[in-house]
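Each in structure tokens, the structures are laid out below.
What follows is chain A paired twice: with chain B in the first complex and chain C in the second.
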Partner chain A sequence: MHIPDGFLSPQTYLPAYGVAAAAWYWAARGLRQSLDEQTVPKLAAMTALAYGLGLIMVPIPGGTSGHALGVAMLALLFGPRLAFLSYSLVLLLQSLLFGAGGITALPVNALAMGLLGAWSAVGAYRVLHNVSDALAVAAAAWLSVMVSGLAVALVLGAQPLVAHGPDGAPLFFPFGFSIVLPAVLLPHALIGVGEALLTLFVWRFARKRNWCPA
Partner chain B sequence: MTKLPTLARNSIHRYAAMAAMALLLAVPAQAHEVVNQIQRQQAVTVTLQYSDGEPFSYETYELYAGRGATPVQTGRTDSQGRVVFLPGEEATMRLRAFSADGHGVDLRFKVPAASPESTADSPAIATDKLGRPAKLLIGLAAILALFAGWQLFIRQRNRP
Partner chain C sequence: MKTQTLQRIPAPRPRMPDEGRLAQAWLLAYLASVVGVTFVHEPAWLAAALAMAVAAAGTSRWRLLRRTVLAVLAFNLAVSAGYVLVAWWQGGYSGRYLLMINLRVVLLVFLGFWFISRVNVLRALAFSRTLAFVATLAVGQIGTFKRIIRNFRLAFVSRNPVRASLASRGRHAAAQAGHLLDKSVCGAADTAMAMRSRGCFDD
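Presenting the complex of A and B:
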């Protein structure tokens, strides 16, 4: 789901950097209070896990590959602000070291996966946790993948409209909404199931050790 | 010499005129033919695959020479995720490949030098010099170092 360099127009990624900068500032406010001595090692371990998970590619029917995000487990355990910051760090490292996601696309990837993914996970959990804790965690994880995927697909699908040559030929990502939305969302509905199982496993591990829930 | 009847003579003239016209028309008609020439040449192969080894197959690509704005070659990768092209004058190329689900590359690379004496394959250009395990460890080390630094900062701050 990581958008690489060269796929997004400057008309997209420059404003996205502005929005992401504001979001990073918002997330970093109160960091000294929220990131205490007990939380740091846990967050470090979960960030490292999310970093590793994002690099394990799993073949998906249809000739493509996908990977888990890990942003839901970060959001459920540490809240959306810390999840957003941690996941932004994960995306930065994946981008710099592996080329998985681009530097120009970093703000879009961070906002889509780190912020929207985290908020949708926390939102779904808060709505559903009175029904069933396990269901709430699984739904939160699945929804975080789908919402992130939707955001990425919308940004990609908008590129032919945003940046094209005089002849109408797309200058950056060439596929429109009708192609990119099903291409991103259908495989991610399956990836979301894997993400849900994984998040549930980590959630139970963390609850047994009384790690702070969102 | 026998004289042909007038009707037959006219027919021959008509057929001769039609044949001449057909020949004249055939010359410009040749421009619509696609002629072919099959040769074996030294091409450059760029292989694209996902990190799990799955080929980036049948995906759209655009190939640019140097800083050119118009692609010199477009198409789809083959079943093995390959883009094959014959290098021209330009030493550097840019390859953009997209899948509809947002995967792909925007790759700039130098065309490997050809050896005129040998038809053997040139060694592959190492685009990944560090290797995946080393990069994974560097990333993990960076995460742990950052959080360790933050932990030290908190301890310093909380020290009475």
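Presenting the complex of A and C:
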């Protein structure tokens, strides 16, 4: 669901950079106290895994692309702050090294996938973990994909309204909400199932090795 | 259990005194160009900017252009085809829009790849010690992942002269994923220990 470079108007990505900068500042506060020689290797491994997952993309006509995120496992294992920072780094590396995503789309992608995805995963887990741990992890992963997809679709669908020429022709992403919402959300409902299974696998792996979940 | 707290993270040291500043100057120029490009809506200007960027990229220009086209092809085709279909259905087709959006995306991605080919990203991120630190570890892990996946794939192919069953491939994927995570954590732990021995973690 990466938004590529060139599809977001400056009216969108410049304010988004302001919001993302505040969020990055919030997430980075106290970072040095939370990073230690036990956490750093696991965080690096999970960040690299999320990086790899995000590169297996399927183009979606009417949307952008479909792929697993890996942000739920980051959020459940390390908390939403570290997950947001790590996922922002993943997006930066993917955009610079592979042209997946982009510098102009970075704040929106980071806020949608890294922040909203992480918070929705942690929220769903907290609500459901008393019912069943496996169900809570799977629901957290699925919800993180859907919430991120919804945010991306809303930003994309707003582009024809935000930036258009004198004749009404779009200047950036061309499709409105009626097209982009189903185009992004329907495939991601299925992708979310794969994400849930993968997150569950990583969660059990982490439990077996006595990692400390957030 | 947390034992040591990360207090002091050294930034990557530039090989030459000006190398780090040069990387950051490239980063600023790249960011300014990217923002500038998104304010241009005239296909002719975008085409001229792309031609100038390609010309200025030196001997690697065709390799970068090929990489750019491959990177954007699938997504731009999906968006362009979707646009043509919707415009055919609802009316309002604009060839100028299609040209503009495709030129803009190609130009932005080309600028990104050109920047990466000229500048070490880790050095450009050295303005933030924490960012450079985590980026260095993550990039190291990405290299580890690539090697492990390649080795596992080749080993699996060599053990299966005929196409493996779905169940075998599933077991292989699960074993590979578990090993990948174990190996990756061990590799990153080695790196963290090495960094600790060099004073990254405060006693």
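One rule holds in what follows: the second predicted complex is superposed on the first by the 205 of 214 C-alpha atoms of A that agree within 3 Å, B and C clash if a C-alpha of one lies under 4 Å from a C-alpha of the other, contacts with A are read in each partner's own complex, and residues count from 1 in each chain.
What we mean here is this: a contact is a pair of C-beta atoms (placed from the backbone, for glycine too) under 8 Å apart; a residue touches a chain by one contact, two chains touch by 3 or more.
Computed from a prediction, not measured in an experiment: that's the story for all the values here.
J.: So if we stack both complexes on chain A, do chain B and chain C clash, or do they fit?
T.: On the shared chain A, the partners clash.
J.: In the superposed arrangement, which partner chain does A:A28 touch: chain B (first), chain C (second), both, or neither?
T.: Second partner only.
J.: Quick one: classify A:P166 as touching chain B (first), chain C (second), both or neither.
T.: Neither partner.
J.: May I ask you to decide whether A:P10 touches chain B, chain C, both, or neither, giving the answer as first, second, both or neither?
T.: It touches chain C, and chain B stays clear.
J.: Given the touch rule stated above, what does A:V202 touch, chain B (first), chain C (second), both, or neither?
T.: Touch partner of A:V202: chain C, not chain B.
J.: Given the superposition on chain A, which partner contacts more residues in chain A: chain B or chain C?
T.: Of chain B and chain C, the partner in contact with more residues of chain A is C.
J.: Considering only touches as defined above, state whether A:L89 meets chain B (first), chain C (second), both or neither.
T.: Touch status of A:L89: both partners.
J.: After the superposition on A, what does A:M1 contact: first (chain B), second (chain C), both or neither?
T.: A:M1 contacts chain B only, not chain C.
J.: Can A:V184 be said to touch chain B (first), chain C (second), both, or neither?
T.: In the superposition, A:V184 contacts chain B only.
J.: Shared contact residues on chain A, chain B side and chain C side combined as an intersection?
T.: In chain A, positions 4-7, 32, 35-37, 40-41, 43-44, 47-48, 51-52, 57, 59, 64-65, 89-90, 93, 97-100, 102, 173-175, 179, 183 sit in both the chain B and chain C interfaces.
J.: Which of the residues in chain B end up touching chain A in this complex?
T.: Listed in rising order, the residues are 50-52, 54, 57-58, 60, 96, 98-106, 130, 132, 135-136, 138-140, 142-144, 146-148, 150-151, 154-155, 157-158.
J.: Give every residue of chain A touching chain B within the complex, in rising order.
T.: That would be residues 1-7, 32, 35-37, 40-41, 43-44, 47-48, 51-52, 55, 57-59, 63-65, 89-90, 93-94, 97-100, 102, 152-153, 156, 173-175, 179-180, 183-184, 187 of chain A.
J.: Taking the touch rule as given, give the residues of chain C at its contact with chain A in the complex, in rising order.
T.: The contact residues of chain C facing chain A are 1-7, 9, 30-31, 34-35, 37-39, 41, 67-68, 71-72, 74-75, 77-79, 81-83, 85-86, 92, 94, 96-97, 100-101, 104-105, 107-109, 112-113, 115-116, 121, 130-131, 134-135, 137-142, 144-145, 174, 177-178, 180-181, 184-189, 191-193, 196, 201.
J.: Spell out the part of chain A that touches chain C in their complex, as residue ranges.
T.: Touching chain C from chain A are residues 4-10, 13-14, 28, 31-33, 35-45, 47-49, 51-52, 57, 59-62, 64-65, 85-86, 89-90, 92-93, 95-100, 102-104, 165, 168-175, 179, 183, 201-202, 205, 209, 212.
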